[in-house]
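After this come two complexes, each holding chain A, first together with chain B and then together with chain C.
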Partner chain A sequence: MDIVFIFEWLDASWLSDLARTSAGLFSMVQAVHILSMIMLCGMIILGDLRMLNVVLTGVPSAVIIQNTKKWIYIGLAGIILSGIYESSAIAMKLATNSFFWAKMAGLAMGIIFMLSVRSAVYSRAPEVIGSNGSQSDPVDAWVVKLVAVAHLFIWFSVAANGRWIGFS
Partner chain B sequence: MTTNTLGKIAALCSVVIIIGWGIYWGVQVQDTMCLLEASESIDMPECLENM
Partner chain C sequence: MLLSSKLIALHQLRNISYLRSIAPQNIEEKTMLNELLFKFATWLDGFQSSTNLHEAIYAYGWVEGTHVLTLTLFLGMLLVIDLRLLGVAFKELPASTLVERLDKPMMVGFVIMLISGALLFYAIPVRSTQSIWFRVKVVFILAAGINALLIRNMTRASDMSWDNDPVPPKRIRVGAAMSLGLWILVVASGRNMAYDWWDCHKEMPHFMYWAAGCVNELAAFE
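This part shows the complex of A and B:
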């Protein structure tokens, strides 16, 4: 499916004109993009490292996962909205950039994996990891840790490919 | 979905992601090393032909 027309439309839009002509606004939005990414990845790293029994082991994992959820969604909204604005300035360049597509693939994969597998597995974490009280039918501890590692790998790729766009 | 099925699906997805991640970044690092080599040498390195 050819989706270059979306980039052509974005390139010709008023948003693109604004991004190209307002250097001050662009730099502020870029800062929002980076801060949103920091918040998103920070919350994700906190939850996943808790599941790997590395940080905050005295706090029940359910408390950490529940409390970081809202900030993950805020971070996601921030990176997507600021990302659309940023990409409008160089839309046609991004359409053929392999790192951009790798980042988008990682972002889609990260969101799907987080909302489906990660969420389901973490809610059934065994007591040895979760400190949530005894679960009637918990998932094996090694599965929880494997999911945490895979999830961290996905978001590492999103961040690294995002940075790599700037080098290419 | 039973916990047993969830565990199997989660483990399979995670293993596929981790292996895919290793292959992807392995190729990226290899390509980067090749480009670095190309930038430092006068002759075109062989690895550039395979990129």
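This part shows the complex of A and C:
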């Protein structure tokens, strides 16, 4: 499906005009994008490193994951909204940029993976990892750790591809 | 155009007269500091490896990418600690548990960020030294460091009777809010370094030339 029309529409929108003509506002939105990334990735790193038994070992993982959820969603909203604004300034360039598409693919994959696989597996973490008391139907510890590594890798690729858009 | 240039020059001359009238010795000392920094940056710029790093698309990109990505580890862990000290998240956990056990990953991130930041400075030493945003960033980093020391001293001096309280005492919350605010300013000023709004080759007030350390432009005023 050809979705270039979305980029053409964005390129011709008032948002694009604003992004191109307000350098000060644009730089502030860029800072918001980075700060949202810090919030999102920071909380993800904390949760995943906890499930890898690297940080906060022995602290119930359910408490960590539950507390990070809200901030992950805030970070995600910040990244998407500021990202749309940033994209509008160079919409037609991004339509053919490989790193942009790699980032978007990673972003979609990261969100789906986080809400489905990660959420399901972490809620069934065995006692040896979760420290949440005995579970009725726990998954193996290596499955939890594999999910944590895969999740970290996906979000690392999103951030790295995002950074590389600026160099391409 | 000529008129506007003359007006700008007149305005800048007024700035010089005003600055001289308030504290001439102080200004000379600070200008000397600018010259020292400029000499240091020029000396660094003379190394072939500095030019090579600047011109190497992939190496420079990886160093900058590492610098930005490590922010998520360092500031991510700091965010967790500060949110707990603000009493808005992780309230079920003792504050000391998060502070003590997230210290190591946070410092790992900080060291990598420091090394990659030093390499970025080494790649573009003169422009970085004469960037108002870089200077502002360094000031905010120092302020954030002092604030972190104050928070640490405050927590050590207290009996930590509030450790399990969902909301810590006001002075701790103020320190955590200041920490977050200062690091937000560090990130924002770091991001603005990419822009040339107040680079030395631009026309700007004399004060800005001085603040950015544009020694050649300042010399032209004399």
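The rule is short, and it goes like this: the second predicted complex is superposed on the first by the 168 of 168 C-alpha atoms of A that agree within 3 Å, B and C clash if a C-alpha of one lies under 4 Å from a C-alpha of the other, contacts with A are read in each partner's own complex, and residues count from 1 in each chain.
Here is the rule we go by: a residue touches a chain if its C-beta (ideal position, glycine included) is under 8 Å from a C-beta of that chain, and two chains touch if they have at least 3 such contacts.
Since we're looking at a predicted model, the values are computed, not measured.
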item	value
Which partner reaches more residues of chain A (counting touched residues only), chain B or chain C	C
Contacts of A:Arg163 with chain B and chain C, given as first, second, both or neither	second
Contacts of A:Met37 with chain B and chain C, given as first, second, both or neither	second
Touched partner set for A:Phe113, first chain B, second chain C, both or neither	first
Which superposed partner A:Ala23 touches (first chain B, second chain C, both, neither)	second
Contacts of A:Arg124 with chain B and chain C, given as first, second, both or neither	first
First (chain B), second (chain C), both or neither touched by A:Asp137	first
Chain A-touching residues of chain C, taken from the complex the two chains share	57, 61, 64-65, 68-69, 71-73, 75-77, 79-80, 83, 89-90, 92-93, 97-98, 101-102, 105, 184, 187-188, 191-192, 195, 197
Contact set on chain A toward chain B in their complex	102, 109, 113, 117, 120-121, 124, 137-140, 143, 146-147, 149-150, 153-154, 157
Chain A-touching residues of chain B, taken from the complex the two chains share	1-3, 6-7, 9-11, 13-15, 17-18, 21, 24-25
Chain A residues touching chain C - in the complex, by the definition given at the top	23, 27-28, 30-31, 34-35, 37-39, 41-43, 45-46, 49, 54-56, 59, 63-64, 67, 70-71, 156, 159-160, 163-164, 167
